[in-house]
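Submitted below is the structure of interest, expressed as structure tokens.
Every chain is named by a letter (A, B, C, D, E and F) in the order it is written, and numbering of its residues begins at 1.
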Amino acid sequence: MPATKSALVVSAHAADFVWRCGGAIALHAELGYQVTVLCLSFGERGESAKLWKQDGMTLDRVKDVRRKEAENAAKALSVHDLISLDLGDYPLDFTRENKMKIVDVIRKAQPAFMFSHSKYDPYNTDHMNTTQAVLECRMIAQAWGHNPGEEVLGAPQLYLFEPHQTEQMGWKPDTFLDITPVWAKKRDAVECMQGQEHLWEYYTRVAEQRANHFKRNSGGQSGGRDCKYAEGYESIFPRTVDEL
Amino acid sequence: MPATKSALVVSAHAADFVWRCGGAIALHAELGYQVTVLCLSFGERGESAKLWKQDGMTLDRVKDVRRKEAENAAKALSVHDLISLDLGDYPLDFTRENKMKIVDVIRKAQPAFMFSHSKYDPYNTDHMNTTQAVLECRMIAQAWGHNPGEEVLGAPQLYLFEPHQTEQMGWKPDTFLDITPVWAKKRDAVECMQGQEHLWEYYTRVAEQRANHFKRNSGGQSGGRDCKYAEGYESIFPRTVDEL
Amino acid sequence: MPATKSALVVSAHAADFVWRCGGAIALHAELGYQVTVLCLSFGERGESAKLWKQDGMTLDRVKDVRRKEAENAAKALSVHDLISLDLGDYPLDFTRENKMKIVDVIRKAQPAFMFSHSKYDPYNTDHMNTTQAVLECRMIAQAWGHNPGEEVLGAPQLYLFEPHQTEQMGWKPDTFLDITPVWAKKRDAVECMQGQEHLWEYYTRVAEQRANHFKRNSGGQSGGRDCKYAEGYESIFPRTVDEL
Amino acid sequence: MPATKSALVVSAHAADFVWRCGGAIALHAELGYQVTVLCLSFGERGESAKLWKQDGMTLDRVKDVRRKEAENAAKALSVHDLISLDLGDYPLDFTRENKMKIVDVIRKAQPAFMFSHSKYDPYNTDHMNTTQAVLECRMIAQAWGHNPGEEVLGAPQLYLFEPHQTEQMGWKPDTFLDITPVWAKKRDAVECMQGQEHLWEYYTRVAEQRANHFKRNSGGQSGGRDCKYAEGYESIFPRTVDEL
Amino acid sequence: MPATKSALVVSAHAADFVWRCGGAIALHAELGYQVTVLCLSFGERGESAKLWKQDGMTLDRVKDVRRKEAENAAKALSVHDLISLDLGDYPLDFTRENKMKIVDVIRKAQPAFMFSHSKYDPYNTDHMNTTQAVLECRMIAQAWGHNPGEEVLGAPQLYLFEPHQTEQMGWKPDTFLDITPVWAKKRDAVECMQGQEHLWEYYTRVAEQRANHFKRNSGGQSGGRDCKYAEGYESIFPRTVDEL
Amino acid sequence: MPATKSALVVSAHAADFVWRCGGAIALHAELGYQVTVLCLSFGERGESAKLWKQDGMTLDRVKDVRRKEAENAAKALSVHDLISLDLGDYPLDFTRENKMKIVDVIRKAQPAFMFSHSKYDPYNTDHMNTTQAVLECRMIAQAWGHNPGEEVLGAPQLYLFEPHQTEQMGWKPDTFLDITPVWAKKRDAVECMQGQEHLWEYYTRVAEQRANHFKRNSGGQSGGRDCKYAEGYESIFPRTVDEL
């Protein structure tokens, strides 16, 4: 692992990283991490309804708008590196070649931990296919025989960030992160998503609800720590510790 | 929570705390925790086959032997307080009165975290009933109206320690603890269990296998941390953190 | 089933029916249902922290306050009949005698459908034990040999209303109910819960999030029906229909 | 959604729509729905053992027989439109191009609800892959940027119809539909499947068993509605309602 | 284990053993097993609706009728020993004293394998509580300190027989038993259940469907063994074998 | 099925068959089975870290070493036929053409039962993808229209052999096989894996732990059969039997 710690977000569409782990990004940037965000697509076909309702819209114009929004949000969150693979969305196409591009990003970033989507999502198969691909690419990045000579990946945790309609996805958070100190940055990033203004308040409420859960699980009515905004994560792999 | 951190183990039978979390006990004792061990029974009827195969054995004699073994093991592990409720085993009887004794121990200990058995165990219903009772007693200990004036419990994690035949119990560890520094103490405690000598090597192998898993999950072939002995735990509640 | 349709809520503690299905109660009252609310306890020990933090508080005073709050909320929601069994909370005691009281209420109400808590709740075993008892009492109420001569219960659906921290409880909603027309009544009822003011905004946000899910599942960006406030439910039994 | 309501069945092989949702098709046709049936293959390789046991059989001859059977069955059920994609079975090949054909059918049908197979099927991977593809195609059909200008899909329910050996597939019905009024039509359609006569009585018994479940869940011994034949369905998405 | 092999059925109500494992009983009796059937109750309150609809019915008369039916069925199936504990049904009361009666039966029978209900049953909590009690009693019967001097139980398999509405119970069969050779005996026993004539054909169809599954899993269209009637079972414990 | 019984192992990488079912192979060879082992790859990229850490290593050299090791191990286990498809690992590529090669092997072997990996493996997607492909290929091999004239496959059981970190894979063994009589052969085969010496003791301990489970499930302290080494398996399909 390099001297500077790093983290990697793999986001199926350009806006996912903002709603779902924007707080974690901003917080770890403040903690000195270099956070790379990998957007597999711009969500140009499937997550840009507002734009498509405008007259004369084209795929390229949608992509340009979405790219700009993602760049602005990344800046607001102090993202170290924003990478857009432009694989095309709805559906994302996980060819062998495309997977190797993801492997390259993982190996270059050498993340201490990674983020991606929930394991299951019947509403949005791009999301669950992304997670499946990330697990496959993590495995390839760990292979000593893949591009011998490159630095081999260790065993970074994969955190599944919060999907829409959590219960339908079978997503269960095991970790709540207090993002109160960086909430203003996350809200700024959220407001960069001009095409999905209907979600601004939705995800603000998500953060407030998770803050309640943070407080409850840190002690509740007897010593629970106050928290205004939080994010939840589900871990795929076990932790290794020296103290419980 | 008191100035000195503390932890609490709830063990259905006198030997469970040794096999299943002896390393965690010894390690946290070294880290300055006061670890209380609550044995609900001596396992006198159901986990003392070797003794019962002797001529003229009586329930009281079995209990005496088992109590002594537990005391010796507790000493080897630097247990702060060993409490035996002697509720009778196979089956354990969870009357309201008995539950209130458990609540009293929890409130007195004010643990930062607790340990108990797996959620399911078709071989040994004492185990799963204990965990169910511990959750109920944790809830009661958190009630401001229970014995008003006493210190109310916060929200300690409940770690489920490793059962026998993990897959049959639906137990999935999410945390591996390196117990290499205190392994000698755990082995000493294990050898205090004279009546179950057939399990000494069994649980030594468990610790070695878990060490392999520790190494794998801390980096594997690329920077995994070496570890000789480990224990695994499943958490019931989410963690609350400031850094992932 | 009587000419007037009826519904029955079984609430472990006095406030649960308000947060979790207050909208359904008010809505069905407007639709002509007689809604009976059965509170097994007042939540006097475990859900009245604010009161217990006051000097000189007693169990009876807490019960009086909680009873009054529940009555006010029931009135705001147009509850037909509010029944308080006063079984004692944290823990609720499900003796045979107490279960028979619940059976009597079920038989008298002859509900077209019932409500209770989630199947699992490691934070609050009263909740899950209530649901288990409701299933048992439903079965007894269906027995032709139980109090022969009484009207026997049919096969009412059991809706599990929304718990706190849904994902930890394994609760998955399969039905979203639009409660926008009665939101003002629910909010009035919520504000009757003076001792838990910290939850008013929490459950208002829950209703807003569920409204988003209502809209999404009724058509999303293409014809989804607008909805400001909703409640979610998980069904235990299959539906029987003549059209899908 | 068009003025006339419509429904869409996606059937991996030509006979699946008959056994598994023939009653729902006939019933909704009578209710005024236009029901489209999309057969991805004829089941020519994997579900035509009886034909292949004849001397001199060829793939084309098998397809012809199966196509004719499907057409006859569709007629018996008053199917509005029977579409055969002829993708080849055992295994079905879900290329991007093939998926787009399915998307086209979905968009054209604009169904109020859809049907497909169970989520899991270790005996027949064509079945579970079909459901996976249907979820993906439903998502694409909802994308405003997919073939801009076409009518975008809303949020139709996806009903999973009954697989063979339900318990092995993890399929759990949440909806029972009374098909007694159209049973004669379903039986006629079933008898069109000359190559699988061994299944005629099997699926008649399935309908009788489900009728028992219908009666049980609509009231049982106390007011359960009589029903001779029924079909069961598992819903993927939550319902949105104005009354429970 | 005694020279003569034996098996034990624990049936919550008097008729369960007939519908759910009557074939296995008759078959193993023919194979030389001594099969003990333990009925915890007569199903006198909850499973005798037809009798209770008669004028002037009393609990004792219902019990007499049900007892006689059970005895006739047991005879038809060549049951070695039919034991009725008369614990009272809807609900069954699992006091410590009652559990010890079950333990006594288990120890006396020394069964090579046992039968009981599904793990979950929201329609009938007597069923799932029976299975829970059987697991607890099996554990007690294995305890060397329980009634020292008695023969201690080994590790008999617990087969969960088929519940009504299998999918709602989460019951998944892993073993199909061909009962064709003894079908006539099972049907005779089924017809002893005069009070539940509506279930005769229902359970005949169950046996026919399971025969189809037997054939499918023994080879299907390529060498599957013919079978007319079968029963399905779910195993709780792993098997130990010398050949796969 | 041919006169000589046969079995088939499908191993993602060249060493998997040794660690995970080497005992079953050797045992069934002694019982007269012809055991075919199909290695989809040599594990040349992902499971040969030790080799890649040597200077000047090439893919071909790694393959040669791994192939030789596999051949030696196969010989030690009395494998009838060792087939290496050399599909490339990390990731395995399951093209239609490659699947048809697997189908050919299955049809030629006509196995009485098959072995493959666990259904889920987030560490190693090659493993779970292999099992998914095996299920698909089993289905194709059963299709009468696939290569008409060839012998069609019956319904062989698919045993999932033991993965690393069983609990993380959701793998639950239902069958324990006593491999004590052939342990020396398995250990010899294990020692052929020169590149993974760190796993020799690991998998020896696995065999010892499973032997403990064998003893426990065959009778425990009361008649449990002694066993020194065992392997565990999870079955995908139900068994069909004439005696329980």
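By our rule, a residue touches a chain if its C-beta (ideal position, glycine included) is under 8 Å from a C-beta of that chain, and two chains touch if they have at least 3 such contacts.
Because the structure is a prediction, the values reported are computed rather than measured.
The greatest centre-to-centre gap from chain D, using C-alpha centroids, is found for B. At the interface between chain A and chain F, two copies of one sequence, fewer than half of the residue numbers in use are shared by both copies. The chain pair from A-B, A-F or B-F that repeats the A-D interface, sharing more than half of its contact pairs by residue number, is A-F.
Judged by contacting C-beta pairs, the busier of the interfaces D-E and E-F is E-F. Distance between chain A and chain C, defined via averaged C-alpha coordinates, is recorded as 36 Å. For chain F, the set of residues touching two or more other chains reads 49, 123, 142, 144, 168, 173, 213, 216, 221, 237-238. Contacting chain pairs in the structure are A-B, A-C, A-D, A-F, B-C, B-E, B-F, C-D, C-E, D-E, D-F, E-F.
Within the complex, the chain D residues that touch chain C are 1, 7, 24, 27-28, 31, 113, 142, 144, 152-155, 157, 159, 173-178, 213-214, 216-225, 227, 232-233, 235, 237-244. Residues 44-46, 48-49, 52-53, 57, 59, 62, 89-91, 93, 122-126, 168 of chain B are the ones touching chain E in the complex. In the complex of the two chains, the chain B residues touching chain C come out as 96, 99, 132, 135-136, 139-140, 142-146, 148, 158, 236-238. Taken in their complex, chain E has these residues touching chain D: 49, 123, 164-168, 170-173, 201-202, 205-206, 208-209, 212-213, 216, 221.
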